[in-house]
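Next come two complexes built around chain A: one with chain B, the other with chain C.
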Partner chain A sequence: MKHVNWKFALAVLVLVFILLYPWLGASSYTKHLFILFFIWSIVAANWNLMMGYAGINSLGNIGFMAIGGYTAGILAKSLGVPPFLTIPIAGIVTSAVVTLALGLPALRLSGIYIALLTLIFADTLPSLLTQTREITGGAMGLHEIPPFYPGMDKTGAYYICFVFFLVVLFIIYRIVHSPTGMAFVALRDSENFAYCLGVNKFRERLKVFALSSLLTGAAGGMYVHALGDISPTTLGIEPFLLTIAMIELGGVGTFLGPILGAAVIVFGNEFLRLAGTLRLTLLGALICTIILFYPGGVIQLFHTIEHRVERLLNRKTPTT
Partner chain B sequence: MENLVNALVSGLISGSLYATMALGLTIIYGVSRVFNFGHGVIAVIGAYITWYLLSVFGVPFLPATLLSLAFMASFGWLVYRFTMSPLLKKPNWEFSTVLFMLGAGILLENVVLQVFGPRVKSIPVLVDGALKVGFIQINWHEVALMGIVLVVIAALSLFFKYTRTGQAMRAVAQSIPGAQVVGINIEQIFGLTFALAFTVTGFSGILLGTKYYLNPHVGWEWMVKGFVIVTFGGLGSTSGAVVAALVLGLVEAVATLYFGAIWVWPIWFVLFLIVLLLRPQGILGGRT
Partner chain C sequence: MFATKGLSKSFGRLTALLNVSFEVEEGEIFGIAGPNGAGKSTLFNVITGIYPPSSGRIFFRGKDITNYKPDQICHLGIARTFQIPTTFHTLSVYDNLRVGAIFGARRPQSADEVLELLGLEAVRHRPARNLDLYTTKLVMLGAALATDCKLLMLDEPMAGLSMAEINQFLEIVRRINQEKGVTIIIIEHLLDILISLTKRMLILSDGQVLYLGDSKEVTADRRVVEVYLGGKGGIAHAHR
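For the complex of A and B:
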């Protein structure tokens, strides 16, 4: 019970810091980084919900985010729909498209087929975008998408994204600790046992597919309103790789892992800019190293340290 | 009509190149159940080494190819021995190998970029001149490519049928415990399979490099095409991959002729979806 409180206190401390940060002399640039962190950690957390918890080997989540982003961007820019409507619509559209076009076919298949289908789906999107140049702006993308409210500054965007970040994480936390979440863990750890308990694999996974694409699409909507533009480079190899790195680095199949990973990658990526063209080389090497030598990620490192400390404390208490 | 026939001929040629491209994927998957997401860059590396030997050291085509293939074979063995082998022993190896090879693919792609630069390269054609039959026009080079592809496919199927190693690979593909019972060294066969697949893939990269252009990033496009092909033909089935590559090559040529090149990808995706929905084991695949 002791260490739970300790962790909880740390989490609260971090959240309070994030809440007060704009008044602690944050520059516009660091606020921008925090906004990126909020959005990418949501994308990573949802991806992890599919990959780490539900065992859906999706490789197309960046595509989901792009669908949401483009939907919100087009609605707001061409039709003048206000952002509090575009973001839910973006989520719903993404969820509908993804669940129908990918979820239903993919979930009937196993393992590697899902990875292939989702990857090829995300790979097809750029050529569709160039085809629909009049609406989506083709290779140039969409620019000057209206912000959340007229005259929004970075601090406003910061707080709106922060609230969104908290809400989505709360939802994911509840899912992970709900019967659905338990069903996933059961399915992941022992499929036959889960069947015996009456878990309907197809239905549970479809639920997660729909929900996770909904939240990822909404994150895409947040992204375009907070940053003002989106282009097919979002679908490129780099964002894809960065998000994979976030999940792997933080720890697959843990609640906090992807968030920690997102923090490290978003802020670390700025330092990596110094490395210039070597950046992708380093990222690739990072992913390989983690998978090969440290598959549990940062979370596992924390657990190891915690156990060490606990053992140390326990050894000391009886003697003194 | 003339356009259509010419398109079909060129579709057949690119289809046969895609077939060699897809063979490496399907060989690895068939034997070890590892799906190689770094496949594209392996082909690119094979092609770049050949290009380097040809244009910088002036080595003739044949020895340059052989050297590059020897390198690919040892590279494949090393990749298996030092990365895949430990990963396969862990739980959840199916997806961790996928992510590992993705990361490794990007790592290697950028190493190629650092070493050889971003400029487009191309390997010189094997033979000049063109063959004309009526209104059909084919470059001799493309005829030579098709001949080479046929030889490669024939050689591979003979290898799998008649050599001890090939038979052992097929045994492992069917059942690992069964293969162990008859005394096959699984580690060794997996290592050899990776060496063989990397060699074939490197060779396909060389062939593609003579017909199309070569840059460090082109491997992804080749690889995703390879993915559609192996799924279409049935994962792990070599004959399925060859048939699927030819079918998709023809579809691509006809689609380019009538709708334009930009529609090739969406059409491939739709075909891919249809195959997955109706026949997930692929057109010739026996098992899923």
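For the complex of A and C:
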């Protein structure tokens, strides 16, 4: 009971802090960082759903986000569609494209070949964007995409993204703890055994692609309305590697891992801007250190601390 | 209840199974033996839909199930275990059974019934990766049973177990057969065990039927002795 309360209290404390943060003298800059954290946690958590839970080695999830972002951006900017519609549409369009273009062919592939297919998928998007300059803005990208509501300030965007963050994490939590989540893990652990126990591996695999891309595409929609622009640099190597780092660093295949990883990467990356050109080098060193001492990621570090605290509490109880 | 007719399977130029026909009756324990590489596991993989057969047909309860997918075959009531001890190693013992119960039987409570039947309550929350070989095999058997199968196919379930564990396992197999009325096909190297457990058996050699008939008479069969037992019952005795 003790450790449940302790963890629960910590989680509530963190959430209350995030909720009150704009009132505690947050600068526009730190609110911006939190918005990035909310969105990238969602991208990382959905990527983890595919890679960590379902064991599908997708390397294309940044592409899912870009499709969602561009869909929402174009709809809002060129057609004047309001954001409460563009975001779900972004999710649905992304899910449809990804499920058809990647999910269906991926049913016939496994392991590294899925990684290659998804990587190529994401890699073709920048050239596709420059070919469709009139609509997508080409290499320049889309700018001045309308915010969630007219006259929105950083605090407004902060709260909208925070709510989205909570809703999506709740959905992922429910998926992971449902029979569907169990099927994902079962197929990852032993595909043929799961198949012979009645798990329809094709349907469950398609579900992974559809769900993960739906929520990632919606996150792309949130991104453009919160920040106002998107360009092919989003599909560059740095966001790609940083998001993978969030998952690996936080703890692959765990619920909280990618969120912790996103926190470390988003805030660490910004903090390290102080170091100038050494930023990525130091970030790399940080990742190496954590992976070296805690191969299970930050979540493993948390578990270690948890055990220490529990032992401490247990040691004290008999003496008092 | 179950039959194959002229079942063949080739991988390229390699013929793994050739014209294998046999029938299993409702409620019996049917044995399959044969030297390494005889095609026993391939036969299981073809029957359960992991590989499609090159030719031949498979029937279950009067229905032609050739080319059915593994999950469909499971839903019809055929479950299996694997030669290599296989579980969902990150899931708990209970969740391993639940995969079979929810997806195979579509009846969640069958996981609880199997947990009790196999006496796995003590380890129900333990991750499957932290189990000894015997318990791992019980969990694999349990997940298959939780699908509410009518026919259970066991691929060398006793390999690597101690004599005491083998006897325990055999007891469980008999109970599943008698109390739950599950028909069983079992692959086993040790002929003595198979003779005591089954009434009829099939011996495969080079993918073909070497012997099909009464288990008691298998050691008297000239060809079995020649090909499988190696003269004076060599392999069977060596295993003892």
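The criterion applied here is as follows: the second predicted complex is superposed on the first by the 284 of 320 C-alpha atoms of A that agree within 3 Å, B and C clash if a C-alpha of one lies under 4 Å from a C-alpha of the other, contacts with A are read in each partner's own complex, and residues count from 1 in each chain.
The definition used in the following text is that a residue touches a chain if its C-beta (ideal position, glycine included) is under 8 Å from a C-beta of that chain, and two chains touch if they have at least 3 such contacts.
Remember, it's a predicted structure, so these values are computed and weren't measured experimentally.
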| item | value |
| --- | --- |
| First (chain B), second (chain C), both or neither touched by A:G111 | first |
| Touching partner for A:L260 - first (chain B), second (chain C), both, neither | neither |
| Contacts of A:N192 with chain B and chain C, given as first, second, both or neither | second |
| Which superposed partner A:N57 touches (first chain B, second chain C, both, neither) | first |
| Partner chain(s) touched by A:L119 [first = chain B, second = chain C, both, neither] | first |
| First (chain B), second (chain C), both or neither touched by A:A157 | neither |
| Of chain B and chain C, the chain that contacts the larger number of chain A residues | B |
| Touching partner for A:K201 - first (chain B), second (chain C), both, neither | second |
| First (chain B), second (chain C), both or neither touched by A:I145 | neither |
| Chain C contact footprint on chain A (complex, rising order) | 179, 182-183, 185-186, 189-190, 192-201, 253 |
| Contacting residues of chain C [partner chain A, same complex] | 48, 50, 69-71, 73-75, 79-80, 82, 86-91, 95, 98-100, 102-106, 140, 143-144, 146-147 |
| Chain B to chain A touching residues, read off their complex | 29, 35, 83, 86-87, 90, 94-96, 98-100, 102-111, 113-114, 220, 224, 227-228, 231, 235, 262-263, 265-266, 268-269, 272-273, 276-277, 280, 288 |
| For the chain A and chain B complex, residues of the former touching the latter | 51, 57, 59, 101, 105-106, 108-113, 115-117, 119-121, 123-124, 127-128, 130-131, 237, 241, 244, 248, 277-278, 280-281, 283-288, 291-292, 295 |
